[in-house]
Amino acid sequence: MIRTRQLTKAFGEHTVLSDIDLEIREGEVLCVIGPSGSGKSTLLRCLNGLESATAGDVEINGEPLYTESSFINTMRAKLGMVFQHFNLFPHLTVLENLTLAPRKVLGLDEAAANQRAYDLLEKVGLTDKAHARPENLSGGQKQRVAIARALAMEPEAMLFDEPTSALDPELVGEVLAVMEDLGREGMTMVVVTHEMGFARRVGTRVLFMDEGRILEQGPPDQLFDHPQHPRTQAFLGKIL
Amino acid sequence: MIRTRQLTKAFGEHTVLSDIDLEIREGEVLCVIGPSGSGKSTLLRCLNGLESATAGDVEINGEPLYTESSFINTMRAKLGMVFQHFNLFPHLTVLENLTLAPRKVLGLDEAAANQRAYDLLEKVGLTDKAHARPENLSGGQKQRVAIARALAMEPEAMLFDEPTSALDPELVGEVLAVMEDLGREGMTMVVVTHEMGFARRVGTRVLFMDEGRILEQGPPDQLFDHPQHPRTQAFLGKIL
Amino acid sequence: MMDSPYIQVLPFLFRGLGWTLLITFSGLAVGFWLGAAAGLARVSRPGFFRGAATVYVEVIRGTPILAQIFLVYFGLSDLFGINMPNWLAAILAIAINSGAYIAEIVRGTVQSIDPGQREAGRSLGLSSQQTMRFVIWPQAMRRMIPPLGNQFIISLKDTSLFSVIAVGEILFQTRQYYNRTFAPFEALTMACLFYLMITIPSSIYLRRMEHRMEGK
Amino acid sequence: MMDSPYIQVLPFLFRGLGWTLLITFSGLAVGFWLGAAAGLARVSRPGFFRGAATVYVEVIRGTPILAQIFLVYFGLSDLFGINMPNWLAAILAIAINSGAYIAEIVRGTVQSIDPGQREAGRSLGLSSQQTMRFVIWPQAMRRMIPPLGNQFIISLKDTSLFSVIAVGEILFQTRQYYNRTFAPFEALTMACLFYLMITIPSSIYLRRMEHRMEGK
Amino acid sequence: GDPNTVSVATDSGFVPFEFIDENTGELIGFDIDLINAIAEEAGLELRINTMEFDGLIAAVHTGRHDMGIAGITITEARKEQVDFSDPYYDAGLIIAVRADNDTITSEADLAGKRVGTRSGTTSETYLRENHPDARIVAFPGIVEAYMDLTAGRVDAVLYDVPNVRYYASQSDGNGDGEQIRTIGDVLQGEQYGIVFPKGSPHVEPVNQALRTLRENGTYDEIHAKWFGEPADSE
């Protein structure tokens, strides 16, 4: 459902992604790991067009991502994105955060958008926070709202960029639980994360990146327990 | 040599030090420990007049600290102070950092001040950095310069406020080594620190503060191994 | 007492106050939209609009407002035969001048919004314009309030220059008064008090507001 | 070609440029010391000097410079019988005006120096004044350069107001020229170019310097 | 300072009495030549300062300057603030309109019209007293008023005869046809005098010098230089 062909991204002289060939099938939960600066975030951002590739293609359901801009907007809406720092809209209530894009992009009327928002808030366990402002939520609650906000666009896949790494340890669980539910429901997901427990339980495949390349990939247990590449071994040795 | 009587310090409503009675004898190395906000820094700052006490007295060698301001200036010069964040003067070279106060306060001429500075730089092992700017030093080097700068005033005692807590772990050792040397040479020192190893090796007495009071004091081994007060026990339990 | 110049000048000053406030508020109302447009153009993709906005901002900020006033008043009629009354020229001059400074305020506040906000908006499928309108702009607006208040004070003081084209604002009225009574010192002192009556409370209020916003 | 107003006005502008630069530089030279004194008074212990400095800064920043120019021009002779030539009044007015803004620059930069620097100075036995002179001030000076450069641009533009007291600076010369020839548009346009010739390079240079300092 | 050095306030935009020569940048004009001749005669050293007219009398009144010469009309009201020399020039006020304007043919037509003038002058006072129903626009500089007249923002300008005449002739010499013309007669006979602070010791010597200049023909020379004819033929 998502496919890249020789995807390359450079900032000026600095090549951040080199010739990435990747195919993500429907229902897969792909976990991406790798050292800081290896290009994990850049990969996600290229997948939904927040960055445009220097060379190569991205296809979503067989349709190329890089054509003209209005197309990219609707493409982006097909891939929900969740950021490390939540990026909730601070001037809007939780409910408004969830209804803004459905109303402006999908053209839902207020009642329909609200209905959808409440359903999602129930799913992430935050119905009582509908009228709260983001500033009054804990980090874990913020990230659950951010997930709900992305889901409100009914995306075909979800991209997560270190969704728990800005959270206090005791708040990580509630976010991972929501993500696990999503995975179990069959949502296609790409998750940059160093939560090995999550990757083992929910991930269908793990991918190790270094210096803009995919060095190794495979099922979680295989990759974690028997890494092939020396750099993977070194990396896992440090973080486990 | 330093003595406080019922020293009390309040910021507005908030009493930070209450009735501190403390006597520090010549050659003692007093280590002060206690939770964050307990008033350790404020105590040091009251000792050398950077803060004026709300009530009570401080005496140095029998002379009261709080009289008129020119007196405090010379008093301050008798107590060298070393800060957590070094506070080197960034616009001056290392040598100038060391000679500024001796020249302006003690009236040394340039040659004498330079001589003294080079002697001290040798002592802290930084002779080759005399003409460097602080920005080009590592954290450990900065703190050693800061110690030398305080010593250049030939103080009768030295006050250290968490001198190693802003340093990368691998740089802590070089600073503690300099401090150990000082202690061995008989310098009177008051050291706010959580470096238990240093306190055991060099400290003659350890003092536990909480909420602006001295809760317990004694020789390092006794205080660390057999703390009497339940709060001391709880605190040591956390940091050891 | 009643024939002291300090008292006699008061009716003149009150007459001037009306003009001063009218020109300041109208000029800033237009200047805000000019500034918003130019400021947004300056953060847009390189191209004609961005270039034009840059020239506008740099030229206005690089030349004295008095020269701008003369150019608007005499230059426009000289060149294009546009003859607007002096009060309208005054409003236009304040608008054009404050617009350039407001453009920099707009640019600064828009750029101060966390780029993550833009990314969140775009990743939800909002277009670039929608993201600006619904996500960035409302947040930037809040932060604009203190610097805009500051610009209000600056523009208010700038209206004093319109005395040279005989717009009846505070300083013009003051000059009218003292060229009849020859008491410039007293009249000017009172005029300054009139300005301070507006500017000091405004700046105290602004400082408080900034404090509150920082505190948050 | 040679009788185009754009060319004819040039000798006037060059004549004005000298006055403009003279008044700007002399005014700022005095204003800097005034501002340094007032700025340091504003960060000193509460008391007479701090109060006086606050009043000075707030009054000057709250009133139009044109009113200040008239007050300096008339007030000094009215009150104290001091009769200075108008170019000297102009330098004094720039000094008094820029002094208030420079005081805020000084206060801001001095307060931006890490308080640990003051503590380090004091703990070494330096007196309060010595700490300011040898530790705080040299560091603050560096940070003052960009905002002082900005004040230079502002004061340079402000000199144009002295055309109303017939000081022969750029805008005065321009008006003199078009008074006789009725070509205000051409003359004013050239005058603006003259100002831009100084202000734009200055602000580019300042921006670069700020960049470099932030980069450090 | 030196008691023989006097500071003189003058205007810089009142052709042909005092104005800046566009070629040299020097302040020149009838008043300037006259005051220099007076100074030479009376043994005074001059320091000339230029300023906008509307503050000029105030500046002399407050003692900021020792004397002022700027085509200042002698009036009773002004005599309360400053001392005047003997009159040195006969002038008056006159109306100017755009050359193509034939709706204003006399003073009576000013009602409801926009009339430009210079603030602080006798013209402004005259308009306020005699034409309260006209819309008076008083600029600090008179040139702004003429520019408004040619631009059509005011319908007429009232100001001193010699200055209006000068601009009327200047504006048609500009190559684009006659733009401004005067209408009607001189409205109010006026005389110019030099002003001094009250009780100034300079009044008498200046009057003495003025008399001498009239007698020895210097005054006529200067008059002829600036008005093309000797004084008596006016």
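Order of writing sets the labels: A, B, C, D and E. Residues in every chain begin at 1.
Note that a residue touches a chain if its C-beta (ideal position, glycine included) is under 8 Å from a C-beta of that chain, and two chains touch if they have at least 3 such contacts.
These numbers come from a predicted model, not from an experiment.
**Q** Based on which chains touch which, give the shortest step count from chain A to chain D.
**A** Minimum step count, chain A to chain D: 2.
**Q** Give the fewest steps needed to get from chain B to chain D, where each step moves from one chain to a chain it touches.
**A** Minimum step count, chain B to chain D: 1.
**Q** Which chains lie in contact with each of chain A and chain E?
**A** C
**Q** Work out the mean Cα position per chain and let me know which chain is farthest from chain B.
**A** Following the centroid criterion, the farthest chain would be E.
**Q** Compute the centre of every chain as the mean of its C-alpha atoms, then state which one is farthest from the centre of chain D.
**A** Computed centres place A farthest from chain D.
**Q** Averaging only over C-alpha atoms, locate the centres of chain B and chain C and give their separation in whole Å.
**A** Their C-alpha centroids are separated by 54 Å.
**Q** Just the number, please: Cα centre separation of chain A and chain C in whole Å.
**A** Centre separation, chain A to chain C: 45 Å.
**Q** Any idea how many Å lie between the Cα centroids of chain D and chain E?
**A** For chain D versus chain E, the centre distance works out to 35 Å.
**Q** At which residue positions does chain A touch at least two other chains?
**A** none
**Q** Where in chain E do residues touch at least two different other chains?
**A** Correct list: 55, 58, 62, 140-141, 147.
**Q** Where in chain D do residues touch two or more other chains at once?
**A** In chain D, residues 70, 74, 78, 164, 175, 178, 184 touch at least two other chains, as defined above.
**Q** Can you give me every chain pair that touches, using the contact definition above?
**A** Contact pairs between chains: A-C, B-D, C-D, C-E, D-E.
**Q** Spell out the part of chain D that touches chain B in their complex, as residue ranges.
**A** Of all residues in chain D, those touching chain B are 114, 116-117, 119-128, 130, 134-135, 138-139, 142.
**Q** Considering only the defined contacts, which chain C positions touch chain D in the complex?
**A** 58-59, 61-68, 70-71, 74-75, 78-79, 153, 157-161, 163-164, 171, 174-175, 184-185, 188-189, 191-192, 195-196, 199-200, 203
**Q** Which residues of chain E touch chain C once you look at their complex with the stated criterion?
**A** Residues 54-55, 57-58, 61-62, 81, 119-120, 137-141, 144, 147, 151-153.
**Q** Applying the document's contact rule, which stretches of chain A touch chain C when the two form their complex?
**A** 45, 48, 50, 69-70, 73-74, 76-77, 79-81, 83, 85, 87-91, 100-101, 104-105, 146, 149-150, 153
**Q** Where on chain D is chain E touching in the complex?
**A** 8, 11-12, 15, 70, 73-74, 77-78, 81, 83, 85-86, 164-166, 168, 173, 175-182, 184
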